[in-house]
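Down below are the structures I want you to see.
First chain A sits with chain B, and in the next complex the same chain sits with chain C.
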Partner chain A sequence: MGSIAGALLDLKRLDQLAAGDSAVHRLDARAKVLATLVFIVSVISFGRYELSGLIPFFIFPAVLIAIGQLPAGYLAAKIILVCPFAVAVGIFNPFFDRGVLVHLGPLGISGGWISCVSIVVRTVLTVGAALILAAVTGFPAICRALERLGMPNVFVMQLLFLYRYLFVLTEEGGRASRARELRSFGRRGLNLSSYASLLGHLLLRTWQRAERIHMSMLARGYDGVMPVGHTSRFGVAEMLFLLIWSSLCILLRLNNGAQFIGTLVTGILS
Partner chain B sequence: MSHHIIEVDRLRHVYPDGTEALRDISFSITHGESVAVIGANGAGKSTLLLHLNGHLSPSSGEIRIGHVPIDKATLPKVRRTVGMVFQDPDDQLFMPTVYEDVAFGPLNLGMSGEELERCVSGALQRVEAEHLARKAPYRLSTGEKKRVAIATVLSMTPDILVLDEPTNGLDPHARRQLITLLKEFHHSKIVTSHDLDMVLEVCERTIILNGGVVRADGPTVDIFRDDALLRECRLEKPLSMQGCPVCGGKGK
Partner chain C sequence: MHMADALLTPAVGGTMWVASAGAIACSSAVLRRERDDRKAPLMGVLGAFLFAAQMINFTIPGTGSSGHLSGGLLLAILLGPSAAFLTIASVLVVQAFFFADGGLLALGCNIFNLGIIPAFVVFPLVYRTVIGRDPSRARLGVGTMAAALATLQLGSLAVVLETASSGISSLPLADFLMLIQPIHLAIGLVEGGVTIAVLSFVRKARPELLQSGGGVDPSAGRSLVPVLLGFLVCAVVIAGGLSLYASGKPDGLEWAVAKVSGKAVLPAPEQGVHGALSWLQQKTAWFADYRFKGGKTEIGAPAKLDTGVTGIVGAVLTLLSILCAAFLLRKGSRGAVAPEA
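For the complex of A and B:
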């Protein structure tokens, strides 16, 4: 349970970051959600052997981290946590795809290795962008933005409740699991059935809690529609933010940015 | 006509599994009265509270709020008149931030803009929780959660407050803070609790439930003086009325 509790603490840290007050924090959440979406789509739409074209995209996370004054080390640690999954997806490519694509002097690099690295780079970029979005916006604000962009109210409520009661549920589960551990005297794994009943109890308790929450919602005039509080405006700053980032992403997608900079630099030097 | 009057008339409730939780409950509470409903575990306190807000409907008998019986048609109005503070504040605080939680009721009532702002900050002010407005509920202490839960109800300007175990799980300081707060409210109040010392301070009248019926109903001090009655209902004198354990002095 320790690791889960730790992960939750991290969620709370992300939440704290979202309470910051910088130029990106203040933007309407919709602009940030849409820009991130454009960014992610541009990154994943590259061909599988593409690598150099992806490199310029690091400007998006870099700039947001700088303006939002986010702790880069913390975010990097979070991204590295996800990387093993990406490696697991890409690791077999070098064995199946042995055609040599690039020659670095005497060393031939196969397409498999390139596509494997490409997968990892893409993961770093997309996961990084999502984390940064959460860190400069906050989960509830992202949900509200999705709602205003047309996501059905039911899903928004599900997400908001998930976010609110995740902490309560894991605390409850943690307590139950600790109580079990204290009385099992180190015999791990043997009594699977006790885990089954523990989970069952957790489910029943969740059910009862849901009923009580619904009661307290009804008591305060809930009639099936989640009310929307005061809302921020989609103004000039938001428009600019969205326009600049999406046009940059699309530009970098259509033209290989690394090559462009390379020719520019060599052009100046020669 | 006053909204502040609650009349419970021969209320009976049988749960679907056949348990008869309330057998025959009658009492009435008038404007501004502060009444404690006490009793052993399983005496029917929670079942009674759930009726006051229309979450359970009587098997027979009737409840009238301001002379209007609770039924489907009057339910929305009743729920606005009777503000219910649940025992576990985690059930009551379900929105991402304290502010949104306190605003939930008023928004449902159709408030917006400056009026909403005023209403929410007013409610938070009354429970001394303005500084918590932007915080997420899971980052509050239990005492703070309890106070905010009361604010979520106050923001709907109810005439009657119903509180289920308000001092449950609070440290002495937070408990004292809450008692002071409750004494300041001039609403009609119905409080259930096992904290009989709090009852002695906050409520001038006490109703004892026992086995689904009203066993006693009268001034709190008189009821707590009746040792035989308390023992019969699995209760005990409040500590402040018992003798001093050190000097052996007699209580009140």
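For the complex of A and C:
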């Protein structure tokens, strides 16, 4: 089945990006997590009709992509794939909110269109920030960072276990699903009864796998905590990274940078 | 049914984050007290199972479309509420990072809608109540189906309420409800059917799993219910109150600025601090006078035109300069580091 294998490859590619070695990759994960949070909150806190103020925020993903040597096209494709829900809700704004807000010569643009575009721009910014964080940090490092920022140990373990076995079980499920499809002609045989027994078998195998994992953990001396390979520390570089980005975000939140540049340029031209 | 960042205000997103983080802390404490370290790998692997299950489809008879399991209720029945909740929450965290479903701020909402509701609201209140002490097959079926319907209806209702109290989307509440609830009735029927089918398979193959799982922490589950209902009430009250406050104040400020400046020079989109600052900017900017004259004589449109044009010009220029800077940065650092594929 193409889609499961494809989704898995996609996931692995994002995972492999985190193995890169650049200035942002080397930073302590806590600095990146906190900076991303400040960024997202600043973007989200704009009013619904504000659009030009959001544009300068593209500097954060752009700089991280550039320094982290991330493939911009691949990330853009991923972001576009996940937009539909926000677009589906935003697209109704133009129909319900018809008051004209901005005049461009003879053309009047209604508030609905502005807020609709604003929703899409926010989605691109926030989703992009999350993906970039995952791509320059890696999921296990994000979990460790969250643990050191106060997340309960039980939940951290859960996230690490899930991440470890995600690839294993998705591959197993993909194989089972492909086998079922090869044995069913056209759409026949893909009904609920075969689906339920497939999932049931997968569930039982998963359960047995968990029992085996537990036994091998005990055999290796598991005592309730997962061992950590190496720890990084929150140094001067991390402090600078966090300070610069959060002050820039707050500055851009309070001052509309795009409007300012636009005022300067149209002022000079006219 | 994932909530998206773009539809949320920080007040609503933050409130839901607090509620979800509280539930994660409570559940973690419950599991730590249990000290059953078989559960750690089991929960992790079942979370991964949920991922795999969500990728496999089956055809729905008569419609030609296909459906899949979302699995929150199945996990609650197999593992009990606390462990199931943590498992669902972990799946949502991974989805937020790697599939970008929703987003980081919306994660609080998603954990609430898809985790707290099935595990702590529907499972104890609907499922346990319907199946009773000594469940028969029919009762189990009815209970599972009712719980699935309730999970999906409450979940989509929560999405509507979170979107409406944020006020970013201008879809009227009633229309949004009419749009989303019937769809989720159908999704709930599918979810209920699949859950019943998988559970009956497990009951035939390994009945002991269901007994051990369902009966692990009934007391813990029950004691958490009032706490979480409290959270729910707090969340709704605070979200409603905060968003009213948040949306009321900028309007007031804008109104005040308009009053101070004498006329409505300010275009409607400028709000709050930004409105005040741009008013200040207009008063102090060097080009303010030229701007208005130019706008009036050349095109003959009202002065409002300017904010539209300057906004677009500024936005395009900013975007271009950011792209240029990023391109140069990448060129510069490419020498030092080998490019990633």
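Following the convention adopted for this analysis, the second predicted complex is superposed on the first by the 255 of 270 C-alpha atoms of A that agree within 3 Å, B and C clash if a C-alpha of one lies under 4 Å from a C-alpha of the other, contacts with A are read in each partner's own complex, and residues count from 1 in each chain.
Here is the rule we use: a residue touches a chain if its C-beta (ideal position, glycine included) is under 8 Å from a C-beta of that chain, and two chains touch if they have at least 3 such contacts.
As the structure is a computational prediction, the values presented were derived from the model and not from experiment.
Placing chain B and chain C on a common chain A by superposition gives a fit, with no clash between them.
Once the two complexes are laid over each other on the shared chain, residue contacts for A:M217 go to chain B and to chain C alike.
Chain A has more of its residues touched by C than by the other of chain B and chain C.
Contacts of A:R48 after superposition on the shared chain: chain C is touched, whereas chain B is not. Look at A:P140: by the touch rule set out above, it reaches chain B but stays clear of chain C.
Of the two partner chains placed around the shared chain by superposition, chain B and chain C are both touched by A:R164.
In the superposition on chain A, contact of A:R233 is made with neither chain B nor chain C. By the touch criterion defined above, A:K12 reaches chain B but does not reach chain C. Of the two partner chains placed around the shared chain by superposition, chain C is the only one that A:G112 touches, whereas chain B remains out of contact.
When the two structures are aligned on the shared chain, A:A66 is found in touch with chain C, with no touch to chain B.
Touch criterion met: A:I261 reaches chain C, while chain B stays clear of it. Nearest C-alpha atoms belonging to chain B and chain C sit 9 Å apart in the superposition, given in whole angstrom. Common to the chain B-facing and chain C-facing surfaces of chain A are residues 15, 139, 160-161, 163-165, 168, 209, 213, 217, 222.
Put simply, chain C touches chain A in their complex at residues 2, 4-10, 13, 24-25, 27-29, 31-32, 37-38, 40-49, 51-53, 55-61, 64, 66, 69, 86-87, 89-91, 93-94, 96-101, 103-105, 163, 167-172, 175, 193-194, 197-198, 200-202, 205-206, 209, 250, 267-274, 277-278, 281, 285-288, 290-291, 293-295, 298-299, 301-302, 304-315, 317-319, 322-323, 325-327, 329-330, 333-334, 337, 339-341. If you check the complex, the residues on chain B that touch chain A are 50, 53, 55, 76, 79-80, 83-84, 86, 88, 90-92, 94-97, 99-100, 103-105, 107-109, 112-113, 116-117, 134, 136-139, 152-153, 156.
Residues of chain A that touch chain B in their complex: 12, 15, 19, 138-140, 160-161, 163-165, 167-168, 209, 212-213, 215-223, 227-230.
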